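Pasting the structures in now, so scroll down.
Same chain, two partners: chain A is paired with chain B first, then with chain C.
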Partner chain A sequence: MAGLETRGLCKGWDFPLLDQLDLSVEEGEFFVVVGPSGAGKTTLLRLIAGLESADAGRIFIGAREVTRIPPYHRRAAMTFESYALYPHLSVFENIASPLRARGERDPSVRRRVTAIAELLQIERLLERKPDEVSGGQKQRAALGRTLAADPEVFLLDEPLSHLDARIRHDLRRQFHTLEALRKTATLYVTHDYTEALSLGDRIAVIGGGGFLQVGSARDIYENPVSVEVARHLGQLEINVHDAELVAQGGQLQARVAGAGDLSFPVAEQHARQLTAASTSAKREVSLAVRPQHIALAGPDAGGVPGVAESFQAFGATGALTVTVGGATFRVLTSPDLDFREGMPVRLAFDTAHFLYFARDGGRNLARGESGDG
Partner chain B sequence: MTAKTTTQTEPQWFVNRKPGRSIIVARWVPVALVSAPVLILFAIVIYPTIWMFYHALQDTNMVRLFQGSWSYVGFANFAGVLGAERFWNSVVNLLVYLSFGACLQVLLGAALALILYETVKSNALRTTLLILMVLPMMLPPSIVGVVWRFLLTPSNGAINQALLNLGLIDSHIEWFNAGVSLWSVIIADVWNWTALPLLIVYSGRVSLPPAVYEAAQVDGADGWTTLRRITLPMLKEIIAIAFIIRFMDALKFVDLVFVMTSGGPAQSSELPAYIAFQRGIRSFEIGEAAAYAIIIFIFSAVLITLFLKYIKKVLNAQGFA
Partner chain C sequence: MTRAPSRPPPAGRWPLIRALLLAFLAVWLLLTLFPIYWQFITAFKSTGETNLTVPTFWPREWHPENFAAIFFERSNLNALIDSFLIATGNTLASLFLGSLAGYAFARFPRQAGGENLAFWILSNRMFPPVAVLIPLFLLFDSLPWGTDSRLSLIILYLIFNMPLATWLMMVFFRDAPRELEEAAYLDGYTPARAFIKVTLPLVLPGMISVAMLCWIFAWNEYLFANLFVGTEVRTFTIVIPTFSHGSQTLWNLQMAFSLIAMLPPVVMFIALRRYMVRGLSLGVVKG
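What follows is the complex of A and B.
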C-alpha cells in the first residue's frame, strides 16, 4: 500500500493550477517535486496536509482516504517555507508541539525533542524564542517540529532554502540516513534542481498543471521527456537551437539553423530512433546540448571554430559563451581559463549526448533505451 | 574679497538659499511653539492637580472658598474619609463592580470576539455582526442609563415582564432596592461596555499570523488545543490591555451610577468616584472631595505601575526591550 497517493487531484483559483494530478509515494520513499515557482508545488503539499480543499480528486494517506478529513486528523507533518513557528513558545516547545497535541508524557517528550535537537545541531537554542534565533536556525527548528511528529507522510516545503552552505550539505546528507524519513513516505518540494537530483529516490518535474516527468535522477537528467524538463535541470542552462535533420551519404546530419554550415553527425543510437519516429528524412527539430558536453579542444585537435564572447568563473567551474556562426553556445570549462574577449576557440561536441526535441511541443524524439532506471 | 572666494567654493544651493532669519526669530520661535502646549497642559492638568493636592489638606468648602478663609487641617480630610463607613461601603461596591462588571466585560468581550472570528466564516456577515455588537458602546452613558432605568422599572419594565412571561420568576424583581441596585448598574454597564474589550481582542486576533494556525492544524491540534496553546497565550498582552482599560474606567465610574440610582437607595450603590463627585460638585466640600480623589489616584497609580511592570516583563521576554 502506498504511503501517499493522490488520484485525479484538481485545484484552481481563477486559473487552474493542478490538473488531474496522480501521485504515488511508497512508504520509506523520498519523492522530490521540482519545478519553478508558481507551478503548484506548495499547493500540492497544502492539499495533502488538508490546508486547502481539493476541487476534485482523492487523497490517500496510508490506507485511508483523507480527502474530507480535517488537517489535525490527517497523519501528515509539514514544514512551511515561512517556518510558521509559534512566536510565544520556546524552540523546545515548538519542536514538542506535535507531541503535546497528542498528549504525550513529559519525559518522553523531553527525550525525543533533545534527540531531534542534537540531530539538527540546535540543542543550545532550545530555551530561546523563535525571534531570538537566526533564519537558518528557525528553519531547523521548523524541521525539528516536523520530524517530531511521527506521521505517515512528511511534507517538506523547501526546508533547506535558507540554510548556509555547510549546514545545508550536512542536512542533505542526513536526509539520506534519517531513520524517520527512511520509514515514512516523504514528499519534498524544491525549486533547486541539485537538491532534487541529490535527494530524490524519485523525482517529479512539475509544470503546466501536472508532472511533466517522473523518474530517477539519472533518467530525468539524461533522458528528459521534453525540452521544458531539460531546460529546468542543469546549472548552466542547456543550449537549445533549431536544427534541420538532413540525410547525407547514408549519414544523418543535424544542421543548426542560422549558424552557417554548422552541422553535426547524428549519433547512431539517436539516428535509429529519429528515423523510426519520422517518415521523411528531412525534419525540423530542436537540438539541445548540455554545456558540459562541449569541451574546449586543443589548437590542433580539430573541432568547430568559434569566437569567445564572455566568461564567468565560479569556484570550481567556469562558464564560457562562444558564438559559432550565428549560434551561441554555453560551455562548461575550468575556472582558470585565460579569457580574452573575441579570442578564437575550438569546440569539441560530444554528439552521443545530444538531445533532439520536436520543434512544436518539445517532445523528446530520441529518448535513450538506457533510461527508465 | 574673501566673501567672493567663499561663494565660488560653495555649492549653488547653498549660495542661493534664503538668508538666515533674524536671531530673535530663530531663538524664540521654537520656545514659543513648545510653550503653547505646555501652558495649556499646565492650565488644564497641572494647575488643577496641584490645587487639588493643596486643598486636600485644607478645610475648604464653598463658603470658605469664596471668602478665602480656608485653613490648614493636615490629614484630617483623609482621616475623615478613611474613617467613614460610607467610604468602605463604596470600596466593597467597587470590588464587586470590578469583579462582576469590568472583569465580566473583558471575559465576555474576549469570548464573543473569538467566537465571532472562529465560527463566522463569511466576511460580510462577520463585519455586520461586529458592527451590531459594537453599537451599544456608541451610545452616551447618560442615554444608556435612562434606557436601562426604563427597562428595569420593577412594576412594568420590559425585563421583568419578559422574565415573568418566560416563567423564570414569579414576582417582580425590585431592581432598584438596596442590594440589587448596584447589580442593575452593573448589568447596564456590561451591556454598554462589553464592546470595547470585544473590539480590542477581535483586532488582536485578526492580526495573529495565519501560518501559525496552519502549523497547529498540521501538528494535530484540534480547536480547543489551538485556543489553549496558541490563541490565548498570543493574545494575553492584548487581553491584559483590555483589562487595564476597563479597570481604569471603573475607578472613575460615575455616569451610570448617577443616572440610574444616584448611589441609592441609601448610598448602597455608591462607588468612590461617585462620592467624590457628590462631595465636591453637589455639596462643595472641596477638601473632602480632593481627599477622595487622591485616594483614587493612588489606587490607580498602583494599578498602572503593576501593569507597566507586567508589560515590560512581557516585552523583555520577547526580546523587544
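What follows is the complex of A and C.
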C-alpha cells in the first residue's frame, strides 16, 4: 500500500505549474524531489498538505483520499523552508504543539517532547524562545514539531537549505537514522542535487510541470533521460557540445562540432544503441561529458592536447577549464594544482561514460540497460 | 600626550546647532506643560482668585474642596461612569469588528473586496464629522433606542474608530506570517484554534495600542455627545461646560473636573505602556 499517492495532480496560477503529476511514495520510503527553484516543488508539498487546493487530480494518504479534506485532518506533517516556529512560544511548546492540538495530557506531552529533544540533541534549549537559538537549532526544533505530530506522511521543504555546511552534514546524517522517517512515507524537496543523491531511496527530477525522471540515485546520475536532467545533477555543470556521429572504418566516431578534427570513438555499448535507434550512419547529437570523466593525462600518456583557460580551487576539488580546438571543457581535478592561462595540458576522456542526447528535445539516445526507457 | 580624541562628541563640533536644538526643546516643553500647570493650579484656586484681572501663577490659598464639590454632585460621578461605559463599549466593539475586517483584508485581499473596499472604509475618517452631524442625528433619532442613550454613542463612535481599528489591525495581521497559521493547521488546529494559538498572541501588543487609541477618542469626544445625549445620559465632556453660567465661569471647578477626567487615560497609558513599545519579534520566519 502506498503511503502517499497523487494521480493526475494539476495546479497553476496564471501559468500551469504542475501538469498531470503522478507520484507514489511507499510507506517507509524516503522520496526526494529535486529541481530548480520555481519548478513547483513547494507547491507540490503544499498541495499534499492541503494548504493549496488542486485544480484537478486526486491525493491519497494511506488508503484515504484526502483531496477535499482540510489540512488539519490530513495527518500530514510538514517542515517549512522558513521553519515557521511560533515566536511567542518556547521551543518546548513549539514541539508540543501537535500534541496539544490533540488534547494530550501534560505528563505524556512532557515525555514525548523530551524524547524528541534528546533525539535531536536540543534538550537544553527547550525553555528558550525560537529567536534565542541558532539556525540549525531552529531547524531541529521545526523537525521536532514535525516528528511529534506522528503523521502518516512527512513533507520536508528544503529543511537544510539555510544551514551552514557542517550542520547540514550533521542533520543529513540524522535524516538517515531517524526511525520515524524510516517508517513513514517521506517526501523531501530540495534544489541541492548532493542532498538528493545522498538521501533519497528514490529521486524524482522535477521540471516542466512534471517529473522528468524518477529512479535511484545511480540511475538518475548515470542514465539521465534527457540533457535537462543531466545538466541538473553533478558537481560542476556537465560539458555539452554539438557533435556529429560518423562511421569510420567500422568504428562509430563522435566528431565535436567547431573543435577542429576533435573526435572520440563511441564506446561499444553506446554504438549499439545509437545505431539501433537510427539507420542513418551520420547523425547530429549533443555529446555530454561529466567533468569528473575527464582526467589530466601525464606528458607521455597520450591524451587530447588542449590549453588551460582558468582554474579554481574549492577546498576539496578544483575546477579547470580547458579549450580543445574551439570547444571548452570543464574538468574536475584535485585542488592542489597550479595552472596558468595558456598552459598546455593533455586530457584523457572516459568515453564509456559519455552521454548522447538528441539535438532537439534532448532525449538520451543511448540509455543503459538499467533504465526503464 | 596631546592626541585629539578620535571621535569628538557632536556638541564639540556643532555647538550652535546643539544650543538651538535645546532652546527649541525648552520652548516646546514650556508650551506643552504650561496648560497642564495652569489646569492644576486653577483647580486649587478659589472662585474669586480665578477671576482676578492680573492672574496669579501660584494659588494664594489651596482649596482642595473644589474636588469634593465635583463629587458632591452625584450627576458628575454618573457622567464619568457614562463616559467610561461608552468608551469601553465602543472600544470593545471597534476591536472586535476591526479585527475581523482587518484579518479578512490581510489574509483574503481578493475575496474581501480588495484594496478599494479597505480604502473606502478608511475614507470614512476623511470627511469633517460635522458634515454628517444632522443626517446622523435624524438617523439615530428614528432608532428604537433614540439618540439619548449610551448605545447610540457606542454605535456612533464606530464610524470613527472602526476604520482606524480595521486599518491598523490589517497592518498587524499582515505582519503576522501566514505560514505560522499554516504550520498550526498542520499541527492539527482548526482555523479558529490556530488564530487563538498563533495569530492572536502575535498581534496582541498592536491590539492593545489600537484599543487605547479608540478608548481615548471615545472618552474625549464632545461634538456628537453634545448634540446626541444630555438628559438620560451625560458624558463628562458635556458636563464640564455647564460650569459656565451666563455671568460667570467656575474655572476652578472646570479645571478640577477635567483633571479628574484626565486620570483614567493617563493611568491606562502608564499601565499599558510596555505593550505599546514592545514589538514582538516576528523575524522568526526567514524571508
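Here is the rule we use: the second predicted complex is superposed on the first by the 369 of 373 C-alpha atoms of A that agree within 3 Å, B and C clash if a C-alpha of one lies under 4 Å from a C-alpha of the other, contacts with A are read in each partner's own complex, and residues count from 1 in each chain.
The rule is simple: a residue touches a chain if its C-beta (ideal position, glycine included) is under 8 Å from a C-beta of that chain, and two chains touch if they have at least 3 such contacts.
Remember, predicted model here, so these are calculated numbers, not experimental data.
Enquirer: Look at where chain B and chain C land on chain A after superposing the complexes, then choose clash or fit.
Expert: Chain B and chain C clash in the superposed model.
Enquirer: Now for A:Asp131: first (chain B), second (chain C), both, or neither, which partner does it touch?
Expert: A:Asp131 contacts both chain B and chain C.
Enquirer: Would you check which partner chain A:Gly250 touches, where first means chain B only, second means chain C only, and both and neither mean what they say?
Expert: Neither partner.
Enquirer: Answer with first, second, both or neither: which of chain B and chain C does A:His162 touch in the superposed model?
Expert: The answer is second: A:His162 touches chain C but not chain B.
Enquirer: In the overlay, answer first, second, both or neither for which of chain B and chain C A:Pro299 touches.
Expert: In the superposition, A:Pro299 touches no partner, neither chain B nor chain C.
Enquirer: After lining up the shared chain so the two structures overlap, which partner does A:Ala76 touch, if you call chain B first and chain C second: first, second, both or neither?
Expert: Both partners, chain B and chain C.
Enquirer: Where on chain A do the contacts with chain B and the contacts with chain C coincide?
Expert: Correct list for chain A: 49-51, 70-72, 76-78, 80, 82-88, 97-98, 101-102, 131, 145, 149.
Enquirer: So in the complex, which bits of chain A are touching chain B?
Expert: Its residues touching chain B are 46, 49-51, 70-73, 76-78, 80, 82-89, 97-98, 100-102, 129, 131-132, 145, 149.
Enquirer: Chain C touches which residues of chain A in the complex?
Expert: 49-51, 70-72, 74, 76-78, 80-88, 97-98, 101-102, 130-131, 138, 145, 149, 162
Enquirer: Which chain C residues qualify as touching chain A in the complex?
Expert: 177, 179-180, 182-190, 193-194, 197-198, 201-202, 280-287
Enquirer: Where on chain B is chain A touching in the complex?
Expert: Interface residues on the chain B side: 209, 211-212, 214-222, 225, 229-230, 233-234, 317-319.
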